[in-house]
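Consider the two complexes below, in which chain A is the common component and chain B and chain C are the respective partners.
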Partner chain A sequence: MNASMSYDVAIVGGGPAGMAAAERTIGAGLSTCLIDEQPRLGGQILRQPPPGFAVTGWQSGRLYRAARALLARVERLDAFDFRAGHAVLGVGAGHAEEGGFALSVQPLATGGVERIDARRVIVAGGCYDMPVAFPGWTLPGVMSAGAVQTLLKSPQVLPGGRIALFGTHPLMIVLAEQILAAGGEVAGVHFAQPRRAMLAALGPRLPGVLRAWRPLLEGARGLANLRQAGVPVHFGSAIVRAEGGDALEAITLLRAGGRERVACDVAAMCYGFLPQSDLVRQVGAAVRWAPGPGGWETLCDEGMRSSLPGLYVAGETAGVAGSDVAMLRGALAGVTLACDAGALDEVEGARVAAALRARIARLAPFTAMLRELADPQAYLPEPELETLVCRCEDVSARALDAAIAACAEGDDGFGASAVKLRCRAGMGLCQGRSCEHAVIRRIARASGREAAQVAGFTARFPARAVPIAELLERDAPAR
Partner chain B sequence: MSGARRIEEGVRRPDRVTLRLDGADLAACPGESVLAALVASGARRLRDDREGTARGAFCNMGTCSECTVWVRKGAAAWVRRRACLVPVEADLCVLTHAPEAT
Partner chain C sequence: MTPGSSHPDILIVGGGLLGCASAWHLARRGLRVALVEQSQVNAGASGQNAGSLHFQIERRFLEQGEEAASDAARIVSLNRLAIAEWQGLEDMLGRGLDIAMHGGLMVAETEAEMALLAFKVARENALGLPTRLLDADELRARAPCLSPHLAGAAWLAEEGHANPRILAGAFAQQAAREGAVIACGARLTGLAMQADGQYRATIEGLDGLGEVTTPRVLLASGHWSARLAGLLGLNLPLYPVPLMMNVTERGEQVLPFLVQHVGQRLSMKQSEDGNFLIGGGWPSRFRRRADGLPDLDRPGEIVEANLLGNLAVAARVMPGLAARSLLRSWTGTTCISADQLPLVGEVGKAPGLFVAAGGSLFTLGPVLARLLAQTIVDGRPADELALFLPDRFAHLNAFAVLP
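Up next is the complex of A and B:
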C-alpha cells in the first residue's frame, strides 16, 4: 500500500447520489473525497463525453435536467478531492484507535493500490443492468441496454447498424429514441410483458403517480415518436434465442402471432437493474434481496445510515429507484452524516432532512408503479442446458444444476457460495456480479425456497479484479 | 464487422492518435475508451472463451469485465485492465490476448 490520505468523508460513486451527498458534506465544511472509476463526474446516467470532446445539446432531454443541474453545481466546487479513474477494491476497518474506515483504491492509470482513510463512508455505487442468460446471449453483439446507452452518451459511438431492444423495462423507449437521434436504426422494441400487464400496474396507482407525471408524459411522447419513425414496438414479444457465428446476426422472438426472426448486429437487453452492493457486503453491512430483478439492496434507516456505524448508503445501492430519488437520498445521506459528525446544527439538519424525505415520498408511488410495471420475474427467458450462466468461468446451466443437486444432498439450506465452490460459477473476473442472481434463482427453484431465503456469494476483497503484482506493490514512489 | 460508427453530427473530437491493437494500427480519439475505439472500428470479437467461442463487449460500465485486455503505455509493463475504463492516448499498445513472456 502506498501513502495514506485522511478525510472526514469518503464517498464511493460520482453519480447523482454521490454528487448530491458530496454537495452536502462539502457545504458542511467536511473534508470530502469522492471516488469513481470513470474519468469524469456524472455516473452512468450522465456519462460525460471524454475531455476534449464538444457535443452539441448533450443530454438536453427533460428527464436529465435535474441531474445535469446538480452535475454543473458540483463541477464548480473546488473544495473537495475527486479521485477520477480510481477503483475501490475494498472497505475495511480504519485505525485501531481512531476508528473510521480504510479504503483500498487502485488508480487505474498508474496501477498499484493506495489507502484512503475516512472517518465516515457513503457508498453510492449505483446499479447495473440485470444480465439475463438465454441461448446465444454470449455472442458478441448481445449487450446490456446500459452499454448501448453509455456508448451513445459518452464517446458518441453507435455500437451497431441495426439495434434491437428486448426486455421488460420502459427505459427501452428512451434508449430507442436516443439511437434514432444519433442517426441509428432501431430494429424493434420488444417488451416481453403484454400491454395489459403494464396497464394493470399503472391503473390503480394512477392518482399517486400523477404527482410525478413528467416521466409518464415522456414515456407516452417517446412511444408516439417511435411509431411515427416507423420503429416496431411489440408487447408480449419474448426473446427465445440470439443467433450468429462469430457475432450476432439475428434474434428470435416468440409472441401470440408466432415466431419472428429479427436481423440485427446489436441486441440490447433491458430487464431492470441490480444494486451495486459488493462493498457494503464486504464490510459487513446488512442487505436484503431486492424486489423485481433482485440483487442485494442495503438496509438503512430514514437517514440513510447502514447497519454499520459510520457507513451510509445513497442512491441505487439502497434500492433501485431512479436518479431523481437517488439525488434526494444522496442529499439525505450527506445531511445525516454532517449532523452525526457535528458539522451541521441538529435542528437545521432535521428540517432539511424532513423536506428531502417529503420529496422522496412524493416520488414513491411512481417508483413503486415502475417497479411493478417493469418486473421481469414472470418474463425471463429460459437458458438451455448448454447455455453459459456464468460468463467468466464458462459454467453452463447443466453444470450449475449438477452442482446444485450435489449441494442439495448434503444440506437443505445451502447458498450460492457452496454451489460456487463446486462449479466455479461466480469465481471469475466479474466477481459474480453477472451470474449471482441467476444462481440464486436456480437454487431457489431447485430447493423450493424463495430467492430471498438463499444466501448469496460471500463478498470478498477485492471488489474488482486486480493483478496480484499490483496488490503486492509496496513502497512505490509517490505519484 | 458491424454497422458501428462514430456519431459525427454535432460532435467535435480531438485529432486522432494511433493505437497499436494486436500489432496493427488503429486510429482512435484521445479520451474515448479503448473499448469505444474497438467498437467504433467494427470489432466485435474481443476474446475467445475456453471453448474457442467468440465473446464481445457486454456492459461498458466496468461491471462485467468481458472487455478485459492487456495495455501498455510506452515502455511501461503490460497491465490487465477493463478496456471500457482505459482512455485512449498516444503510445498506447493493446493486446486482446495475454502478452508472450519476454
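Up next is the complex of A and C:
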C-alpha cells in the first residue's frame, strides 16, 4: 500500500453533486481531492467521451445546460486533485488521534490500493438504474435505459437496430429522442402506468411545478417529437415477458386492448433509480428506504450532514431528485462543510446556504411530482417462479421464496441478510445491488411488513468486486 | 422470555455454536433450558469464521517455541474426538450441514518450515493423530492447483470445512424441538448469586425487563463472556481478538482441501458453491467509541495492509487465485484465553456457573458442547475436559466475594 495523502476534504463522485461541492470547498481554500471511477469529470449525466475524443454537439440538449456550465467551470479549476479512474473501495475511520476518515482507493489503470486521508468526506455517489426481474429479463439484449444512454453518450454506440423502451420513468422520452438523434430506431415507448395516473400526479402540483417549467416543457416537446417521428408511445402498456433464443427477439406487453408482441433487438427498462449508498452504509451512516423505486438514501440534516460527524452526502446518494437538485445539494454540502471546517465565515455561509435551500425548495414540487408520476411500485412486472431474481448466483423466485419461508419460521423480524445466507441471493459479483430491492420487497410482501421495515444486506468492503491480482499490484506510482 | 422459562434448570447466555449445541444436548437430557441471545442466533463469531475443520496443531501454537508447542499439542487428543464428532454430526442432527472432510494440507514454503512440519507431525503421530509429511512432488500430485514452489505439506485426511452459516441454527432448531426456549434480542444485563446459591439474571428483552432465577448459568458468549462474568465480580482471562475474512466470487471446483500454512497466517478453502474463503487470523481493528476506547461491541474495520497481506500469501500458495475477484471482506471478533486453550467447564468459585469460550471453537464446538452437557448433567467434569477447565485460572478469582 502506498503512503497516504492527507486532505481537508475528499469528495467521492465527480458528477454534478461532487463537482458542485468541490467548487465550494476549493473556493473556501480547503485542500480537496475529488475521486471518480471515470477518466473524466461529469458523472453519468454528463458521461464524457474518452479523453482525446471530440464529439460535435455532445450533450447539447437544454436539460444538460446547467450541468455543462458547472463542468466547464470545474475543469478550469486547478487548485485540487482530481483522481480520475480511481475506485473507492472503502471508507473507514482515520488516524486514532486526528480523526477524520481513511479511504481505500484503487487506481484502476495500475491496480494496488492507496490510502487517502481526509478530515471530512462528501459522498456524492449518484444512483443507478433499478433492475427489475421478469420472465426473460436475463436474455442478452434486455438492458437498462441507463446502459443504453451511457453507450450513446460516451463511446457513441447504438446497442441495437430496433430498441424498445418500457417502464414508468419519463426519462424514456429523453432517451428515445437521443436514440433517434443517433440514427437508431425506437420500436416503441411503453409506459406501464395509464395516462390518467400520470395526469393525476401532475394535476394538484401544477402551480408549483410550473415554477420549474423547463423539464415539463422538454417532456411535452419530446413527446411531440416522438409522435412526429412515428414512434409509438403507449400508456398502460406493461411488460409481461421478453422472448428469444440466444438473444432477445421480442417483448410482449399487456394493454387494455390485449397483448402486443413487439419485435426488437434491445429492450431497455426504465423504472427509476436507486441511490448509490454502499460507502455510507459501509462506514455506518444512517440510511432509510427511499420512496418509489426504493433503495437506501442517506439520512442527512438540512446542511447535508450525515449521522456521522464529518461525513456529508450530496446528490442522489441523499435521495434521487435529478441533476439540478443534485448540483444544489452538492453546493450546499460544500458550503456547510466549509463552515464546519472554519474556512467560511458563518454568517456568509448561512446566507449562501439559505439561498441554495430556497432554490432547492423551488424545485421540490417538480421533484415530488416526478417521483409520484414515475413511481414504479404499482407497475412492477411479476417474475414467474422459475425467473431468476438474483442473476449473479442464479437464484430463482421459487428458491428465494423458500428461503424467506424458512427464515420466517424462526424469527419474524428477519432481514435481507438472513435470506441471503440461506439462498445466496445477493452474494455474487454485483454484491446485491441488482436484487436487494427485490429481495426486500418479497420479504415485505411475505411477512406483511413495509419494505422500510426490512433490514437490507450488510454493506461490506470492497464496494466493488476487484480481481485479487489488481489489488495486489504494487506498481502504482508512489505519490 | 415466556413465563414458563423464568425458573429454568439452566440459563444459557449466547446463541452461537456453543450455546445452541449445549442447549440441544441439555434439553435432550431433560433439562429445562432457556437461552438468551442479544441479537440473532449465529450472529457472532460462530457464523463469521471461515468454517475450517482443522485438527493439526495450529500454527499459533508453533510460534512460541518447541516447549510451548509440546504443551499445546495436548489439545490433539481432543481434536481426535472432534473428528469423530464431525463425522457423525449430519446423522445426529438429521440434516445436511455442508460438511466436507476431504483432507487438509498445512503447506511449507522453505526448508526451515519443512523442518517445523516434521517436528509437528512427529508430535501429532505420538499423540495418535495420523498426519503425514508430503514432499514437494507428493504435494503437487495431490493438489495440482497449488504453487509448484511449495516445499511440501503435512496432510491429514480428516480435515476439511463446514458451513458456519447453518450449523448453530441447526442446533438451535433441534434444541427448540426438544423444548429449549430460545429468546433472541434478549440481553443479559444483570447477574447475581442469591444467598441460596441460585442465580438471578436480569434480561432486557424486546418486551421489557425480565428476571430469571436458575441454579445454573452457562456463559457461551464469546468475548463477551469475560464481561458477563464481571457482573459477578469474577475474572475470566479471555481477550477479544478482531479478525477479518475474505471471500471471492465462485470458480470451477479445483480445491477440495483445507489449506493452511505453517509459517504464515493462512486458511483457504473452496466452498460447495465454488467461492474461495481466505483467512487465517489476520487482524482487523476495533472502531473507537466516542470516548476513544475500542468499541468491542461492533465488528472491527478492515486494515488494508492485513487484507493485502492475507491475499498475497493466499495467491502465493495458489497462483490461480489472483484471477478471482474479491467479493467481500468481513470482520468478526473471536477471543483468546491467557494460555490459548479454551475455557470449558464450571468456575469453582461460583458453583453452577459454567463457561465455554476461547477460540478455535468452530472446529471444537460440537464436541466441547457435548462434553460440557455431560459435565453439567453428571455434576462432575468429563475427563476429556481436564485440559480446559476454567479453574486452571482459579487464582484470578481468589478475591471474589460471592454471593
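Here is the rule we use: the second predicted complex is superposed on the first by the 468 of 479 C-alpha atoms of A that agree within 3 Å, B and C clash if a C-alpha of one lies under 4 Å from a C-alpha of the other, contacts with A are read in each partner's own complex, and residues count from 1 in each chain.
FYI, a residue touches a chain if its C-beta (ideal position, glycine included) is under 8 Å from a C-beta of that chain, and two chains touch if they have at least 3 such contacts.
The shown structure was predicted, so the numbers you read here are calculated from the model rather than taken from an experiment.
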Sharing chain A, do chain B and chain C clash or fit in the superposition? fit
Which partner does A:Ala418 reach: the first (chain B), the second (chain C), both, or neither? second
Thinking of the overlay built on chain A, is A:Ala263 touched by chain B (first), by chain C (second), by both, or by neither? neither
Considering only touches as defined above, state whether A:Leu210 meets chain B (first), chain C (second), both or neither. neither
Hey, is it chain B or chain C that touches more of chain A? B
Between chain B (first) and chain C (second), which, if any, makes contact with A:Ala286: first, second, both or neither? neither
Touching partner for A:Ala361 - first (chain B), second (chain C), both, neither: neither
Kindly classify A:Gly428 by the partners it touches after superposition: chain B alone (first), chain C alone (second), both, or neither? both
Looking at A:Gly92, would you say it contacts chain B, chain C, both, or neither? Reply first, second, both or neither. second
Classify the contacts of A:Pro467 with the two partner chains as first (chain B alone), second (chain C alone), both, or neither. both
What is the minimum C-alpha distance, in Å, between chain B and chain C after the two complexes are superposed on chain A? 6
Touching both chain B and chain C, residues of chain A: 428-429, 465, 467
Give every residue of chain C touching chain A within the complex, in rising order. 40-41, 47, 165-166, 169, 172-173, 184-185, 248-250, 273, 275, 287-288, 292, 301-302, 304-305, 307-308, 311-312, 314-315, 321-330
Per the contact definition, I'd like the list of chain B residues that touch chain A in the complex. 2-7, 9-14, 29-33, 36-37, 39-40, 44-46, 49-51, 53-66, 68, 79-81, 85-87
Considering only the defined contacts, which chain A positions touch chain B in the complex? 37-39, 44, 49-57, 85, 87, 108, 111, 128-129, 131, 138-144, 146-147, 150-152, 154-162, 182-183, 246-248, 265-266, 276, 388, 391-392, 394, 428-430, 433-434, 464-465, 467, 470
Residues of chain A defined as touching chain C within the complex: 1, 90, 92-93, 96, 104, 113, 115, 393, 410-411, 413, 418, 421, 424, 427-429, 431, 458, 460-462, 465-469, 471-472
